[in-house]
Every structure is written in C-alpha cells, then in structure tokens.
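In the two complexes that follow, chain A is the common piece, with chain B as its partner first and chain C second.
The block that comes next holds the complex of A and B.
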C-alpha cells in the first residue's frame, strides 16, 4: 500500500470527528467527550506501562487531584478555570514527583501496590474533608472561556477535549522518537544495560511517571469544567484500575491504543448498561463480572490489545534506507597511544564464601587490545562487572584516565568513556536495530524531554542517526536497520551490541565474549574490526574463550584462574607458560 | 489520651493485627511460591465470615453457588487444557479435583441448609466451603499465565478482584452481616479489660503461624514449597511440579483466610466487598516484611493493627488514609535498604 492509502482512512476519521457536532446526537457527543477525557489518562498509562514498564493503578487519583484543585479554586476563590488548570497541574506534578521519588527506586511490583494504596487513600481523603464538600463533592464550577467564547455547550468543549488529546498524542509520539523517549522505551527488561549506557533509570522513570500524571491532570481539569461537578467516586481505585485496562485492552504498545481502549471500554460499558438489566435485577454486578472476564481473557490471549490486530490491516511505515547526510557527532580526543588508560589494583570481590576476584591487578595502555582469558568460573566477567560499576568491589582501586572510578557507579563510568557488551546479550528485542544503536549515543547527545517533545532536537537527532547508521554499517549489519533486534540470530545480536558500544565513542571498549556464537567468517570480520579500532586509538579489553581468535588479535593477555591472576604477557609467552597449560588441561606431570 | 485508653487501643490493635498476620502470611505464601500478588485474597476472609453468618441465620450460604460457578469454570479450563495437550485420560482426574472435590462441602451445605447445625459443625463446614476458592481461581485465571511476569500476574489479580466482588454481590447480596460471638467471657487485669474474643484471635493466629512454621520445617510438601520459592527452576529440575505447589500454596493460604474470616466475623459488620480493604492492610504489613519474610510480615501486620486502632481513635474517618500512608515511609526505607535487582522482566504485551 502507498502512503496515500495510509493517510486516507486517517483523514476520513479525523474529518468525521471534526464534523461530529454537526450531525451526531448530543448523547453521542457526550459519549465522545468522555472517551476523549478517559483517553488522555490512558495515554499516560500507555507510556508508563507499555513503553516504560511501570504500572500504576492510581491514575484516577491524579485526575481527582487536578479536578478538585480547579473546582476548589474556581468556586471558593472565584478564580478563572485557566488558573485552576495551572494550580491543578502544579499540585499533580508535586504529588507525582514526591510519590515517584519515594517508590520508583523499588522496581517491579512495589510501585503498583503503592499506587493501589495511594488511590484508596485519596478517595477517602476527598470524601472526608469539609473543604472539599465530603461525599457530596463540589458543584457550580464556571465553564471554560476561550476569549469570549464559552465552552459550556457539550459541542463546544468537545473541540477543546479532542484538541488537547490530539496535541498530547502528537507530543508524546514526538517524545518517544527522541533521545529521552528511547531511554523510556529501553526501561523494559532490566536496568543494568540502561545504566551502562549512561542513562539514569531513576530519572527517566520519575519523569515518565510525572508525564503520565500531567496527562491525568489535564483530564481532571477538563472533567471538572465539563461536568461542573466533582465527587469522590469518579476518582476511586476502581476507575484507576479501569484506566490501566483501557490502555491494555486498546494496546499498551501503541500510542493510539489509549484512544482505542478508552472508546472500547466506554462503548462496551454503555452497551452493557442497556443489555444486562434484562438478565438480572441489578445489572451493575453483572457488569463488573463481564469486565473481569474480558480482562482476564485479554491478558491470557491478547496481551498486546486490539492495536496489533488493527495494525495488520494498515500498511507498514515505509522507511527509507538511505543514510541521511548530517554532520558527524563530535568525537572525543583519544589518549596518546601507549599512555596508561586503565589501572586495576588489588581488586577484591567476595560472594558469600566464594572469593570470586582475589587481589587482581593489571594495567591497560591506550591503543592496546588486551585479552582476559581463563577457564570457566575464573572470575573474568566479575572483573568486567567491577570495572564497569555493575557490582561494587569489596576492596581495591580502579583508575581510568587518571580518575578514580572505583565507586563511581555505572552511569559515571559510562560518561567517563567506557562502553561495554555483555556475556548474555542485553538488547531491546522489540526495538529496531538502529534504535538499539542510537541508545549508545545517549552519552554524546544532550536533547532533553521538552526539546524532544517539541521536535526541537531534529538537528542533533539527525547527527545521532547518521552516527548509528555509520556504526551499523561498520559492523556489517546495516542491510535492514529498521528490523527488530529480536529477529537477529544470536551471533549478530552480539555484533549489534558492539555497534551500540561504539556509538558511545568510548576510549575503552570492554567486550564480554564477543565472538561466541559467530561463524568463522564472522569472527574474521570481527577481528578486522577490532584491529581497525586499535588504529583509531580505541582501546579494547575483551574476555574470550576462542583461544585462536584471541592469540591472533591481542597485544597482551591476562590469564585468570580461581579468581586470581595467574600470568600476564604476550600471547607467545602465555601460550608457552606451563601454569596456563595446567589451568586449562590439568597437571601435565 | 490516658495510659488506660492507650492500653485498650493497643490490645484492640493486637487483636485486629493478628487477623492481618494470618492474611499477611497467606499473601506471602502465595507470592513466594507462585509470584502472584494475590490482591483478591481479602475477599476469601469476608466470604468466610458471610458464609458462617448465613448458616447462623438458617439460610443457604451464597458460597454454594460461588463454588459451583468457579468449579464449572475450572473444569472447563482443565478439560480444554488436557485435550489440547493430547492427554484426555487426565481429564477425569481434573474433573474430580476441580469439580467433585470442592463440591462435596457445597453439597453438604446445600443439603443441611436451614437445619441449624451446632456451631461446632457450622464452623468447619464454612471453612471447608471457602477453602477451594483459592485453588479454583488459581486454576481458572492464574495457571495459564504461570510463566508471565510478576507485573502481569499482578494486573490479572487486580482484574480478579473486580470479578470476585461482582460475584460476591451476586451471591451474598448488598447487606452486611455480623456473626454471633464465639465466646463471651471478659477478663479483668486491674483496670484493663480483655475479652475472650481477643484472646481467641491472638491465640489462633499464634497457633496457625506455628503450624505453618512446622509444616515448612518438617514436612516434604512444606519443603517443596520453600524450595519453589527459593528457586523455581531448580525446584522443577528436582521434580517438584509447579502446578501442584501452586495448588498447595493457594489451598493453605485459603485456609488461613477462611480462619481469619471466622475470627473477624463477630467483631465487625462485614459486607461482600469488605475483604478488599482487609487484604490491602495485610499487604501493607507484608510489604514491611518485603513480601518475603514470614516473621517480618507478622510484625508488620501487628504494627498495622495497632496503628489502625490508634488512628481510628484520633479520626475514625481518616484511619484508612493513615494506614495506607504508612506505605510511603515503608517504601522509602525499603528502597534505601534493599539492593537494586536487575532483570525484573517487565513484559506486558507480547
């Protein structure tokens, strides 16, 4: 299908939505207003859950805070709804930032459990505060005015609601295609890799949480001035849970999933309210059961929601495979060849009773390729994890470029100029090759959330993309840069990790078994690549089991056994050393 | 507040807290073995109290219909599953386990409805009626997702909370019940009054905690559960079936929940949806224990009980706000004391 075939249905839908107030019944418009208001909240859940891997059952509480804030300010203080919006958003952001700061360091299930408790608390708080009218709520808010136009009629506020929703969708879509947006998308599936790229997981999580809360805040403000009445019930936990399921049912992996899910659940609810009373005295009880069954079935059989099915009928986005010319990203000045780059002294790490790394020390000079070898369980990967800050060392000192990085933590070490790959490949399989490599450029680029959301980052983005394409080409997997990384065979995934590490323009690149799973020709290509890096002044430290591969490539070898350093020297000397032969083959005697 | 009032509130809090201990232990048991954060667990507590209340009123407990509904659904799921696996011979076993077995107490309750059994028979029958709820829900909704992430399991379990509260309203109706007191004695220690109900609650919680400990330490199934919670794959390799440990965990937890319901029934009026809040408060206790430690959970749950008691004296309308707000300092403390763990495998969509 052509691009036109893609845009045509979208234009028809937009035109229908724009013209709806002129032909649709007023009940339909009311329904559409609710769908828009819900979709805004669900959009927040989509970036939070679908992209950021965090879950909140408490978004309804953020809606409530903003709604109550503007209700209180406009009724008791007589302020304009626009002031109410600012007040409501400020309050929402403050609460979200506080809650996030407390809970977001705890991964996994603690945050969602916390949001359940917090969603309940807010509901009880709204219902018991005199200033907020207790369970009766607050009524009589003024309608919103734009200039002298009143948005009191349902058909008028309709345009504001869908306008806000459209703007929010575009801004979020921009954001997700930007530097920080990629960081959000990289959150799902383990934090070690993300931090190793110089990305602060906590900061990204916190801002994502706040963005979701801001969207909920807009929704609350619109709700309060559309209904001109607020009470605790629409902001209770049940509603909070429903927002999550709107996102999941619609498709949490896609921005439009929010609108689809909100529409689906609102319309279904509406239909059930017509049908169910024929089956039971009190239809409401059946309604929750029907929804529970739908939710459980959806989670069992269609976790991606409706969007993946819908997308099958739409053409795929056509990517141009040409490399767009752009100025290269600035490169670091590599340290002079032969100067000391990395010094490891008396490194010590204990796991319970096991001394995994015992008094290991070695030095790597700029422009060298150094191999770290040793039998399985010798502690090689642990040494790498200590150098890159994944694990804290118990004793010893690590100096990189004259800077003590022993306690620096992964992020600062990445910023200092060390990039790495992992023994067990850590990629984002559901992101494209180029996006995975672009993650590597994070430390070299600066555009923040706001620049990304408003597309002010395009110049830098073009340079980063150019760099990513260059690295993909360099490692030889640039044929289909927009394919998903998960579709690559394992050996190629390792190479993709190397490209990602190179995109960070490191002074030292640490490779944990880069040749594992590669075919012989691929190994040759990799060895050539590493040699060309050496010519550029990049230093390479690698763990590798393929002795032939190592011997033909490296300048020096450090041999480890049982957590301690055994020998250090040139490949020829190490190969001849009887202690090395003994460690690998058992005693010769 | 005088010291006397403080003491009364404290004792009251320990009594409520001991309910949270039982519920909290059940939650940790389920979570550590199956990784399911079982949000609807509190409903089992409420349903157990409501079941006993219906029996005392000479009515047929709505639990009979609830179990029948769940058993039919579980049998369907099991049959489809075994047919797909190409093992139709196992279907009979599934029908017995998920159909016939849970329906035995239901049938007894159905036959004896209105017969006004003595309390000594009603209580075990009520417990037996309620206990299958946990394993049946596990079979219907959770086992098909056994390999999903903790997050996904949590979302499912929240969806189940919806469903169970709907079923509760359908079968128990909207009115609240309070069961007859189990004991009526009052003890005086100086100026302090302790009711036998309080003593019963605390003693039962202590007994069941001890039994749970002995079960884990000294029986093979108990050790299998512990092994599974330490390392699921390892347990599987040595031949511990994940399905049967899950059933056992849910069964034991349901038992703890049912007993809690019997204990809490006479102290407060319970509605079909009261269990949710009880379960969540127990969760706060369990989170204090890191959702992993049984003694930590017990201490946390007692603390929540006492806190709630004092909070309701200060402002009964806002006591829930106080109890749930405790989570914030608790989580802050946890996030500063727990090491960061990697690979929390967050996968919601495909």
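The block that comes next holds the complex of A and C.
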C-alpha cells in the first residue's frame, strides 16, 4: 500500500470516519468499534503472515490474555484501566516471547501447530479458573477515563479505538519501510540468503511475533473496557482462525488489508444474522457454512485478497528517479594489498557416501581476483558454502583476516566482511530492486525496530538509500530502481545480487557464476566492474565457466575436480596444464 | 516442405510493457533454429508464450494446427516441450522420478516409458549414477542434464531450449551441443535460445537476432555468423 498515493480517497474516508458519531446510528458506531478492534488483531496477522511468512492461529488467545488481565486487575484490585493496559501488554509480551522462543527456531509447521495448541489451552484455562469466573467470565469493569472524560459512551470509545488503530497502522507502515522492516519482508522464501546478509532470522521472527501479539493485546484491552464484560468464547480458536481470514480476505500483502478484511467479515456476519433466520431455524450453523464457502472461493480465486483489486483503481505512487544526496555510509578499512586475507586448510565435507570436498586448501591475498574452476559437480559451490557458513565443514580450518571462522556461522561471517552471491539466484522477486540492494546494507546500519517505527532512522535511511542507488548505478541497472526484482531477466538478477553484495562493503566478495546468462557486452561491463573493485582493494573469489572471461580477469586460478584440488596457478599455466584440459576445458583450450 | 512451427506476428505484454512486439518466425521439421540477443530482449518471454505459459496475441501454428485453444498440457501431449531457463525440477523427488514425470502424458504405456528412461540414462550416464538421489542435491550442470532428460521423456517432436549451456563447464557445453545436434538426427526439431551465440550458430541451421522484442536480423546460421554486426555484438570479434 505504501507504493501508491491514497491521498484523496484516504482523506474522504478519514473525514467520514471522524464525523461518523454525529450522523450515524448508534448501532453503526458499535459495528465500527468492533471493526476497529478486530482490525488491530488482523494488522498483526498481516505483518506476521503477509509480510513475515509466519502463520498463527493463536492471535485470539493473545487478545484474551490482555482482556482477562485488565478485567481481573480492575475488578478485583480496583486498579485503573491504564494499569490494566500495562499489565495486559506485559503478560502478552511475556507469553509471546516464550512461545516464540520455543517454536520459532523449529520452522516449518511448528509455529502454526504451537499456536493452535496455545489457542485451545488458553480457552480451557479461562473457562476453568475460579479467579477468572469460569465460563461466566468477569463483568463490571470500569470504563476508561482520559483525564475526567469518561469513554463509557459508544461514541466516545469509538475515537480511542480508531485512534489506536490509526496510530498502529502508521507505526507498522513506517516499520515496514525501515531497515528491520525490510528484514521482516525478506523472511518469506528461504532463510539462507537472509542469514548471509548478517540478519538473524530467529531474532526478526521473534520480534515480529511479539509485535503481532502486542497489537492483539491492545485489541483485548479495548474490547474488555468497551463491553465491560469478558468470557472465554470470543477468544477461542475459532476466532483465531477468523482473524487469519480477515487478513487474507482483506489482502495480507497490504497494511490496509487488515481494516478492509475486518470490515468485510464483520459486516457480512451482521448481514447474515439478519437474513439467515428467515431461511432456517439454525441460523448460526448456516452462517458457518456460508463463511466456509466464502473462504474457499476467496482462496481459489482471490488469494491476494480484496486490496489488490482496490489498488487498481487508485493512482500509482510516483517515484522520483533522482538520487537524493546524502553522506555516504562509513566504509571499512580494506586490508593492505598483498596481505593474507583468506586461508582455507584441508577443508573436508561429505554428503552421505560422497566426498564432495576432499582436503582442499588454498589462500587468497587482499586485492586479488581468484577464480575457482572445475567440471560440474566438482564441489566448487560446496567450497563457497563452507567458507560462507551455509554448510558446516566436517574437517579443516578457514581463517579470514586472522580470525578463525570455521564454525562462526553465516551471520558472523557476513559481519566479518564476506559478502556473496548464489549460483541459483536468491532474491526477493516481489521486493523492488532498491529494497533488495538495501538488504545488503543491513550489516552497515544500526537503526532498530523502535527507531524505524517512529521514523527516527531517516538520516541513516537516506544514507543507506544513497548507497543502494550508487551500487545499482555501478552495476548498470539503475534505470528503474522501484521495479520488482522478479521482472528482471535472469542474467540481470545475478547482477542485482552483485549490487546487493557490494552494498555490504565487503573485504571479500564471493561470486558464484556471476556471468552466467549475460550477453557478451554485459560480460565486458561486469569484468570492468570487478577490475575496478580490485583497484579499490576489494578481494574477489569467483566461480565461473566462461573461460575467456575468467582467464582475462583473474590473477590466480584454483582448479577442482572430484572434490579435490587439481591444480593452482596463473591463468596461462592452468590453461596449458594437460590435466585441466582433460578434466575441464576439453581437447581444445 | 510444410513448416513444423510457424509463429506469426506474436505480441506479449506484461501490463503496459510489450516484451515481444510482432515476432514472426518459422522452422522446418528436423531443423535447429536459434534465437540470439541481449538480456531483456524478450527471448525467454517468446519461448514461454510459444509454449502456452504466457498469454499472447498472434498466431502459433504447430504441425498445421493453430495452438490458440490448446493449453500447455495439450501442447506437451503433441510433442511440443519447453526446457525452462530455471529448470524447474522437483527438488524433493529422486532423479528417476523427475524423469518419469516427464513421461506423464505417456503414463499408460509402461514398457515404452521404461525404454525411454533407459535411453536417457545411456545418454546421460551421470543421471543413471544418481538415479535415486534427490534432485536438489545435484550440481548445477547435473540439473541441466536432468531438465533436458525430463523433456526427452515426453518424446518431443519440437524442443524449446532456454539457455541449455547456462552454468556448464566448457567440456559440458560441448557435450550439450553435441547432444542437441544428435537430437536433430533423431528427427527432433529444436528452437534454441542461447547467450553462447558462437556455439548456438555453429549448431543451428537458421538463426534470428531478437533485440528490444523484435527480430532485427535473420538468415542461415552460417551467414549470420559472418554478418559483421552480429560478429561485433554477439561473437566478440572485430571486423
């Protein structure tokens, strides 16, 4: 949604919402209150599922925790609802952090399953604790006061609900356009690339999960003091599923999808409750069936939800193509040319019975371009994966800038100054070119979640954007930086990966077949770029099959065959070596 | 001779951007025809549209049949197969199962499929060695062989190859082009898209140059290989 201008339609909608209590019936305001309360939870689902790729069925239980917490505190202890808010949020955060810490490392289906179990158990907990009134619930909570103004009337709490929702929407929108927000958006689709950029996938997932729970907590607090009554049913698993569908129906790829989805489902439910009793005695059961049909149809024909359709009728946001001047990001001091940079000793890796890498050793000095060549399946990409920590080695040692990184793991290796590209391109096709490159600057920038959400990161963000544009320009694909990366032809996607790697300001850049799929003129441009990097003191290690490209560019070549090092030497010596001709080049060299 | 494939005035658009603008080309049975051109010229789009994976305007006539109403599956059943640039293998499935899926349209004829499998294995001994391995554990070059092998399992009459030499060692590149040439001898026609223009023109009978979505040059491959403009831009020589 941040990609488009909503100004005119948004202003009209906002004005109508602000004036609603003055012209709408009180029942309409009550409906709007429910929509706002549900939309807050659905907003959490949007950021969690739509952007972060994590599925939770347990959001209703987080709503319940906060609602029951404030209900208990205000009725039995006589505390102010504002204390109830703090208590409820603290409890929600604690539970979410614990649940997340247990399930998020596991990946796969464990989070959805964990949240189902959690949603079921909290419902029974509420229903069976005497202190929480068992299935009768708790009633008689005080209304919220702001100063001396009571928010007891429906029209008064309406402003608080929609105010909170508006603030949350703005904060989340800011966050998604910040450093950590890009990390959240990069979670969908494979974690290897994300970790290779120095991003802790676990940390980002955990914080995203907690953010979604906090939004649910606010919703629970508002619910408790609006209804002034809580019971287990509104927080059961069925509601948890409903929140997920609100986000999906509205459009989980868009922040406003949460509001749209909450509104659609609430209004539909209301309409069905009016209509269905005319057709059947068990209106409630029929309602479930009607919703099931709607869900199936939506999943079949409109996976993206309503928002993508709505956006077609709104004007596109115009992006300025000018590079906004900003101070460059700080750069690392490059090691002196010729000093040892990377040493690989007796590296060993076995896959089942296959010795993929067998006692391979070589050294790379600062300011060199070294080529790693060999037949397909020789183990070149595996060596790259061992150096960058994607795979753990079975034996051997890897030293980078005097530091043993053999067991360091991808993230620390990235922080140490190694950036890489992948043989099978790993980009986020639904993110723009510039956002993909900005991911590369993650290790060089510091702004956290709170700075991003409150837009305190703008100075650093401007510098990072400037750097990303500079790298796009440098590799020659800066014509349309706001296009989606997935629309580039495959060869240019590889070049985009190079720009992303450069944005990390690495001391060593590892390129896995950067010239594959490039035309001849494009290869010349790439070779010139790599030479200019060498002049700047950046060291390059690359796998490439285009012999002319490699031979004309590199200082030294390491040849691998069947997992072992075959030869090492200058391009001329390697090309003349009969073993290389036989294993790799073929008879004519 | 009637052409096996005739593309007439084909247009493909992504939203408002036209990636292929009025391309016409034809190929005779048993011919290898290559399309060369820079990145972003629309080569991959052209193949995907011909195979029915993208919506297009214009005519695609295959073996005298207008393909307009035929979906991808029906085209494959008639021997019209695409080997995509990204290979699109089933990573979690064994090599042999990936190959058998290639013969899905012929699944009722077990003995015949088995024979094709043996032929593919004898053509690519590397795949035979790894037949039980999951496809995602293969190296880049082996994946290439698997993608080509899987297409051969459908007993194609026309193969659309998108960058078959991508990511292959020089010795394998020669092998792949040797295989491509040998497929022609079996009567398979091949439409070949390649960045390795030199090898492509050496193997092909006829060539087209695609630039900015339109054909700018065409001719017998041997003639194109000596066309000064093609030499300078795509073969890296000087005049």
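By definition in this document, the second predicted complex is superposed on the first by the 578 of 589 C-alpha atoms of A that agree within 3 Å, B and C clash if a C-alpha of one lies under 4 Å from a C-alpha of the other, contacts with A are read in each partner's own complex, and residues count from 1 in each chain.
Note that in this section a contact is a pair of C-beta atoms (placed from the backbone, for glycine too) under 8 Å apart; a residue touches a chain by one contact, two chains touch by 3 or more.
Worth saying up front: this structure is predicted, and the values here are computed from it rather than measured.
Touch counts on chain A: comparing chain C and chain B, the chain ahead is B. By the touch criterion stated above, A:479 is placed in contact with neither chain B nor chain C.
When the two complexes are overlaid on their common chain A, residue A:50 makes contact with chain B while staying clear of chain C. Look at A:376: by the touch rule set out above, it reaches chain C but stays clear of chain B. Applying the stated contact rule after C-alpha superposition, one finds that A:291 touches chain B and leaves chain C untouched.
By the touch criterion stated above, A:99 is placed in contact with chain B alone, chain C being left untouched. Once chain A of one complex is fitted onto chain A of the other, the partner contacts of A:586 are limited to chain C, with no touch recorded for chain B. Contact with neither chain B nor chain C is seen for A:18 once the two complexes are overlaid on the shared chain.
Chain B makes touch with chain A in their complex at residues 37, 39, 141, 144-145, 150-152, 154-156, 158-160, 162-167, 169-170, 277, 280, 283-284, 287, 291, 317-318, 320-321, 324-325, 327-328, 331-332, 334-336, 338, 340-350. On chain A, the positions that touch chain C within their shared complex are 351, 373-378, 381, 423-424, 487-492, 513, 516-522, 545, 547-548, 583-586.
Within the complex formed with chain A, the residues of chain C that make contact are 14, 37-40, 44, 85-86, 126, 137-142, 144, 163, 166-174, 195, 197, 233-236.
Chain contact summary for the complex, chain A toward chain B: residues 49-50, 53-55, 57, 99, 102-103, 105-110, 112-114, 116-118, 120-121, 124-125, 128, 187-192, 238, 241, 244-245, 248, 251-253, 280, 282, 285-289, 291-293, 295-296, 299-300, 303-305, 308.
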